[in-house]
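Scrolling down, you'll hit the structures one after another.
Two complexes, one shared chain (chain A), two partners (chain B, chain C).
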Partner chain A sequence: MNESFLLTILILSPLLGIVLLSVMPGNHRFINYMGVLGTVLPLVLTLIVFSLFDRTVSGVQFVEYRQWFELMTSISPNEPYTVAYDLGVTGLSVLFLMLASLITFLASLTALRLKESAKGFYILFLLLELGLLGVFVSENLFLFFLFFEITLVSMFLLVGKWGGFNREKAAFSFMIYNGIGSILLLIVIIVLFVEMKTTNITELTMLLKETDSLEFLSGDTRTWLFVLLLIAFGIKLPIVPFHTWMVRVHVEAPIAVVMIHAGVLLKIGAYGLLRFGVGFFPQQLKDMAVVLAILGVINLLYGAFIALVQTELRSVLAYSSISHMGIVLLGVASFNTAGLQGAVFQTISHGLIAALLFLLVGVIVDRFHTTKLEELGGVASQAPLFAGFLLAAGLASLGLPGMSGFISEFLAFLGLFESMPVIGSVGILGLILTAVYMLRAVLAVTFGERRPLFDGIRDLTAVEIVPSAILLSIIIWIGVYPAVLSNTLQLARTIGIGG
Partner chain B sequence: MDYVFLIPILPLLSFLIILFTKPIYKKAGLVGTTLTGAAFLCSLVVLFSHFAQGNYLVEANWFSIDTVMISVGLEVNPLNALMLVIVTLVSFLVHMYSMGYMANDERYATFFSYLGLFTFSMTGLVLSPNLLQLYMFWELVGVCSFLLVGFYFYKPEARAAAKKAFIMTRIGDVGLLVAIFLLFWQTGSFELDVIFQAAQAGDIAPSLLTLIAILIFVGAVGKSGQFPLHTWLPDAMEGPTPVSALIHAATMVAAGVYLVAVTYPLFSASEVAMTTVAVTGGFTAIFAATIALAETDMKRILAYSTISQLGYMMLALGAAGYTAGVFHLTTHAFFKALLFLAAGSVIHAVHEQNIFKMGGLSKKLPKTAALFLIGSLSISGFPLLAGFFSKDEILATTYGDGRYVLFVIGLLTAFLTALYMFRLYFLVFLGNRSTEAREAPSVMLIPMMVLGVLAVVGGYIQTNWFGTFLGDWLETTPYTIAFVHPEAPFWIPLVASLLAIGGIAVAWLVYGRKTSIEESNERNGLHTLLYRKYYVDELYQGLFVRGSRVVAYFWMYVDRFIIEGGAAAVTYAVKRFGQAGVKLQSGQVQTYSTVAFSGLVVVLLLIAVLGGYF
Partner chain C sequence: MDMETLLQYEWNSMWPEFTILLTAVALSLIDLFMNKKKDRSLLIWLALAGIAVAIVCLVLQFDDGVVSILNETYRLDSFAKAFKFLMLIGTGFVLLLGVPDESTSVRGEYIYLILTALLGGMMMASSADLITLFVGLELLSLSSYVLVGIRKTNPLANEAAFKYVVNGGIATAITLFGMSYLYGLTGETNIYEIQGLMGSDVVTDNRFLAVFAFLMIVVGLAFKITAAPFHMWAPDVYQGAETPVTAFLSVVSKIAGFAIMLRLLMVPFVFAPGTGEIITPDGISYETLLVSVRPYLVLLAIVTILVGNVIALRQLNAKRLFAYSSIAHAGYLLVPLAALSELVFEAVWFYLTAYLLMNIGAFAVIHVMSAEEEVTVASFAGLFKRAPYLTIAMSIYLLSLAGIPLTAGFIGKFEIFMSALGTEPKRYLLVTAMLAGTVLSYVYYFGLFVQMYFRPSKRQTPVTISNGVTAVLAITAAGTVLLGVFPSIALTFIHDHFQFLEIFNP
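Our next item is the complex of A and B:
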């Protein structure tokens, strides 16, 4: 792939929307539509990247490299530390990129309902998208960190200003936890930079693999770096017990933001673990595989059990996310092709399913003004289409075959059973619990006696059907034909393990 | 044979067409019935071309795990060719019947779309050549069952029943899933053929093979409503009656039996696994039959009867009676579907399910009554009807396998079967209670008549007198399985027939002679125990449902107080630390200089000590 500017254009594309929005008057009739339009350009560009991505060759594609700045240090005066501006996508990141653009676009549609200060909302929203796109196309750690911080700031403001009743508490909680995660990540980045003299991700992966002789970093240092990385991305994923902030955000943030949060932002945790954890420290990961697997099982069962007794739909889904992310950990812990593939599939799949579920929660909030399970019920009588979508989303979430969730969980557990059948057997009970809490929640909303209170409620409108249908079709498409993911992923090449 | 893909595709088409054209209401039934009928014809063609051409397999790549290519495909062998015919036939008849039964339901089209999805999934399950694909369809039929049990979604009982059906079967499914994982890592494949070859070659350690077989059986137990995962099946009767006939009698619940039959080479390699299957089956057979004796709901009696008959099939398979098990699966599909459809016809006419509130219906519904009688006689094992031959085959195999205790249980169950069936028949159709009722339309009667004929003659495909066509054909397999064909003692069919007639006679003495019987609320201990279904539901409620809620609340409080509390404590500590700092910033120069001076002292001391000046 020759020199191209495609990725730069891609990450800057949300700026067009931001600029246009900022010159429009805040009370303009089309301000929301402008915001939605702003997410279309990045989506189109991502689709171009996705379709041009060559699935037959290995390595990073669409590479852009420019020297950015140099640091002279007294440690090695002759070899300056170079920080570069380099972008590129691999089979792994191109999938995440696609996920980010798509869900941002669909989420922007749900914010069309927003009446007050839509201008500021959409500007921050697009800034968030810029950060997300940047995270997934950064080929070096400095850039990654930079974009990662952009997402934090814009999220903080979005939650804090447009959230629910306890929005400020949620925003601060978000900021503190993620701030701690950032510091840990920064420490890892600096140590790697100082020791390896590069922050390029591919280069680091190669160097760290070749130097198993521990020329650069001692085994102990690597273990510590891996643990720091695990905590940093563990907060994001989240791993129990670092999850409380995430439940708050799920419950308080505006729906469009929760869709992105559950659908993409949390997935940065998985992306980081896969790209940096597995890529940089494979040996350390192998050594700690049992710990990771146990953490995964805890996540899976802990989330599932708590979801079982939640009385409010958003909390059910928040704990469900925790539970599902446990499966990602299990896949990573198994450290074979099946498991890692399962982890990636599960990340993407859960991103789509969570986005769909929260989109529908948005409809509930809009129509019924409550998400308490006991105040809902019998909705299938008045809004059959909505009930159908919610049921389909619930079934997808509990891993129904023919939908993306099944194949992901299947692969993750398949991988786990090769090395750790006992832990796997405990974890697999989570699949039963998932069915229990998911059906409990979904049926509590849709099934049951007709409530006259909800008569005359509007079923899904076109602007809600389209995104729901798109998400559901992709979920089914992946479930029926998983090769659509595995062909792009080319796992063995991307993460660089033989299996 | 190359058109075998049409068999699942046609019902899928029916599902999609109806789903996307819901407004064309009244046509949905016609579309569904026609397409399923076409699928049935295809199945017949496939069956006959199997006679001519033998087995058939076509596969395509699906996706890859590392270097292992996972494929999808379609396979036709004797077992699944037979299943295809049963599934599509019953589905076709049920589609037709539902055009009458569901005619006034406002979700008529939705009903038919679900039926199409189910038929697609069930035929897909049967045609699967590998375990992953089989598992996917296995779950899909479960979901269809869930959707149809909860079809009357506004009824709280239906909601609970649907949820229960899904969760109970999923418990079993997890067992099957683990078995699939273990097999993959032992053999490197999901392909049944590869797995069987590895098992035959002794590549799997015997103890592991036993474990795997039992895990597969756990899946079968869930699906086929065997003890201890049986409780969902009676509750599943909340669904519309045609659904009970199709899914919860003839096809899906038989999928558990089918699963054991399909993976038979694994079972037959492990004596422990075989015994587990036989004992579970035998126990379930008599366990469910006794509950059916005390049940008062017409459909639930039939549901317990289904559990009991599925137990028979498992017993047969466990006693090395491969043909016997599959044979009974076939005849049971006919007579049990007939019984459910006839029961549906009664319910459709009188809107009542309690057998003590019905009576004398043979006058009002003569055709339904006659058909129900045929079904009852067949299931009771009345001589020369379909059920007689298949039950006889099971009893003979069990005896021949040397499992005498289970053989006696089988005989007892035969007696109980006749008893509870005719208790039901006499109470509902005899007596002179007069209820308003009109005979069902012919669109409902014709499917019942077809099944009625099959319930009579279906047994002649496998008899010791005319020829063992079914067995000879089914047992053509490349794997070495010890198929047992014991020389059955002549007295077994004789005793079985006598027990069946005895059961009918007892039912006549107790329920048949009287003109009207009220349900008595006074029950003695045994009756109560049966009426409460041995308190299994209550036990599960207390143990598992409550238990998991207790665990859940425990973790919720851990979450709320320990984790969140811990985080709050850290924040609080930081805040206090900050406040302490604030106090230092008092603006008093004396304080500042004290702090500065103490600092200087500390630094000097450090230099002195660390620098080695001491």
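Our next item is the complex of A and C:
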């Protein structure tokens, strides 16, 4: 593969928007449009990467490699630790990349409503996108961490400045939880770095697979590293005891940011778990599969039960996210092709569905100024288009066949029943609960008594219909023709197991 | 010693010191004979010129080998050069901070006392003898005491100066006490002679005394670098002193402290026998002293990190907050030392460079804001609206202090983590403490973010920034980012010019 700069251009592309925005006067009429335009360029570049990505060969593509810096010790100056700048994409990361640029673009549309200090918002928004793109194209743990922290800082400012009433608290707990996660990740990175002298992900995967524990890291160390990784990404995913920050962010953050948060940011947790957890420590994962599966079931059921009693739509969706991420864990825990594929599918599919749901919540906030379920109701007759989309999104979320949610849950559970039938049957209960809380929430909004207060409310506008329709059609497309994901994914090659 | 021997010495190796000394003397004379009503800002520019000349002299010496003069009491090796370089740059920034604008004036004493303090620091970095080391330490300390109390009528400054004198006096006494044991064991004051004699039977028979000497020296120097539990003076002194002086104490004085600590702890004791016995086929031998005392150093580092970060959480006064933050950073800097890593000199030097940039920058921001009121955390409220560029600079320093990537602070912290995990056995305890400390520090660093960006401001007026401070802000912010993005600038610089292991060769 010859050298190309495509990926560097891709991750730097949001900078163009940032620069243009920062030279524009803050009260300019077109500042919001400029912000949206800023996300178009990365989307176009991602589409190019997506279409140029060769699905017939294995391995990392679009590789870029530069030496970045070396750490030399005075005692052994000839064996420097080299930190490199290397980028590349695998089938797995291409999918996440696509998800990230698409949702960022659609989310930027919903922020067009923003009136106050839109300039700062879009600058940080694009910075967040830069971080997200970087996370998914890093072929190197050091860079991965670097971009991960960029998303952290920009997200902190976005939530804290433009969020709801309790925004500062939400931003703070976001920062602290994710700060802990990222520091744990850093420890894992450094231990691997000092032992293996490289941070390249593919190299590490190969090295860790080929060497037994006597040569490099002992079995115990590997287990510890795996546990640290699990906590680091578990905070992000989130796995249940670490979920409070995520609910706060879901409830407080501005809608455009929540779309990215629920749609992409949380998915970094799944991505990390699949790419590093499964890739680096397959044996440790196998040993702890039962623990993971139990954590998954807890996530699934806990999220579902709590979602059932929420009286506020955003909280319902937040807990629903937790519940759905349980399925990702279950898929990973099953540790076979079907299960892992299910985990990836579920991550992508939930990213799309959550983005759609929050997009519609944004409409609710804009029109009805409340997200309390009891204050909403009967809008089906006043805003039929909106109600239709909401219902469709709800059905996708509960796993209606023909939509992406179904195929992912099906695969995940297929894998799980193969390896752990008992846990699988407990988990099925969660799926039933999903239907219950989702329909409860959706129906409470759309049906019921017609409220005169909402008469004359505007239905979806063009700017809202387009993104909703795009998301919904992709959801249905994946549901009907899942090969669109699996062709690119090439799971056996990407992660290197099963198949 | 006759004239001939004196002239034989390679005096040119002391040019940086001579330059500073001459500048300080000249400035004190000019200040004395200058009309009292005349503006003193000329003196600052002269001092800066002196520092610039000293830096040039030092840079010209970079690739020379080890030079030892004055009966081996003064020694110019890579280690000394590296640390002197940092101190000179740091003092340059501090002087720039003090450049007065229309509304303020400057005192002559302030300028030449900073120079004499710097001279003390440079002597500390360069001495190979307990006596000169101690003289350097005292020169730095005495000048700092006066600097802290220079605002005669301010009660806080008086309290600070008093505390500083008493605490500092005790600390130097303890160091001296430790040194006296070294002298007693070996009969030498030259640390390289001591290094050679440490393996002798006398020392082996009295190895507990060697350990005691080591610990006494550590305790004394721990005051200088504000390591807990010997940090109590720092918050009061930082608060009471003028902000440029605080910046000097928290950066230059600390760099000098680490320089002396590394040399005085590593060099004489490197071959000394410790307390633990190792049974070998040839009989009983002793582990090295540095291994025996490691638990104490580890403890010191951990306590410093935790105390600094935990107490910083509750601080409302900005200077006190940064006092505790700098205590925490002293703890991070102790980690490579406590880990006895092979990266120790590189890691400490790089982190000190990063620390110099980000901490001077942060104090520059506080200096700007202290023109309005006593700076508290709440004074930062709405700063972004009033002074966006100042806020962005402050954000860079805070991110760097918190160790977020793309800043110098992150690379420094990364290197420290590497040093703790790259040695066998891995120092998980130290790493855990640093981890906890880093996460705790997010709370107060990002707390300032909350103030600057999210909260509304009480004042509406824009902030005025003098030219000197603007220069400091620009250089430090740019440097912090530059070293974060292209750390190889500093890393290859160290590699090409400094052979730190020279420090061990007599």
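For the reader, a short list of remarks on this structure follows.
We adopt the following convention: the second predicted complex is superposed on the first by the 492 of 499 C-alpha atoms of A that agree within 3 Å, B and C clash if a C-alpha of one lies under 4 Å from a C-alpha of the other, contacts with A are read in each partner's own complex, and residues count from 1 in each chain.
Here is the rule we go by: a residue touches a chain if its C-beta (ideal position, glycine included) is under 8 Å from a C-beta of that chain, and two chains touch if they have at least 3 such contacts.
Remember, predicted model here, so these are calculated numbers, not experimental data.
By the touch criterion defined above, A:401 reaches chain B but does not reach chain C.
By the touch criterion stated above, A:360 is placed in contact with neither chain B nor chain C. In the superposed model, A:187 makes contact with chain C only, not with chain B.
Of the two partner chains, chain C is the only one touched by A:171; chain B is not. In the superposed model, A:153 lies in contact with chain C only, and not with chain B.
When the two complexes are overlaid on their common chain A, residue A:414 makes contact with chain B while staying clear of chain C.
By the touch criterion stated above, A:128 is placed in contact with neither chain B nor chain C. Within the superposed three-chain arrangement, the count of touched residues of chain A is higher for B, of the candidates chain B and chain C. Residues 176 of chain A lie at the contact with chain B in one complex and at the contact with chain C in the other. Listed in rising order, the residues of chain B touching chain A in the complex are 61-67, 132, 135-137, 139-140, 143, 150, 153-156, 158-159, 162-163, 166-167, 170-171, 174, 177-178, 181-182, 184-185, 548-549, 551-553, 555-556, 559, 563-564, 566-567, 571.
Residues of chain A touching chain B in their complex: 176, 240-241, 243-244, 302, 305-306, 308-309, 336-338, 341, 378, 380-381, 395, 400-402, 406, 410-411, 413-414, 417-418, 421, 424-425, 428-429, 431-433, 435-436, 439-440, 443, 446-450, 481-483, 486, 491-492, 499.
Of all residues in chain C, those touching chain A in their complex are 342-343, 345-346, 399, 404-406, 411, 414-415, 417-418, 421-422, 426, 431, 435, 438-439, 442-443, 446, 449-450, 453-454, 486-488, 491-492, 494-495, 499-501. Chain A makes touch with chain C in their complex at residues 68-77, 81, 145-146, 149-150, 152-153, 156-157, 160-161, 167-168, 171-172, 175-176, 179-180, 183-184, 186-187, 190-191, 193-194.
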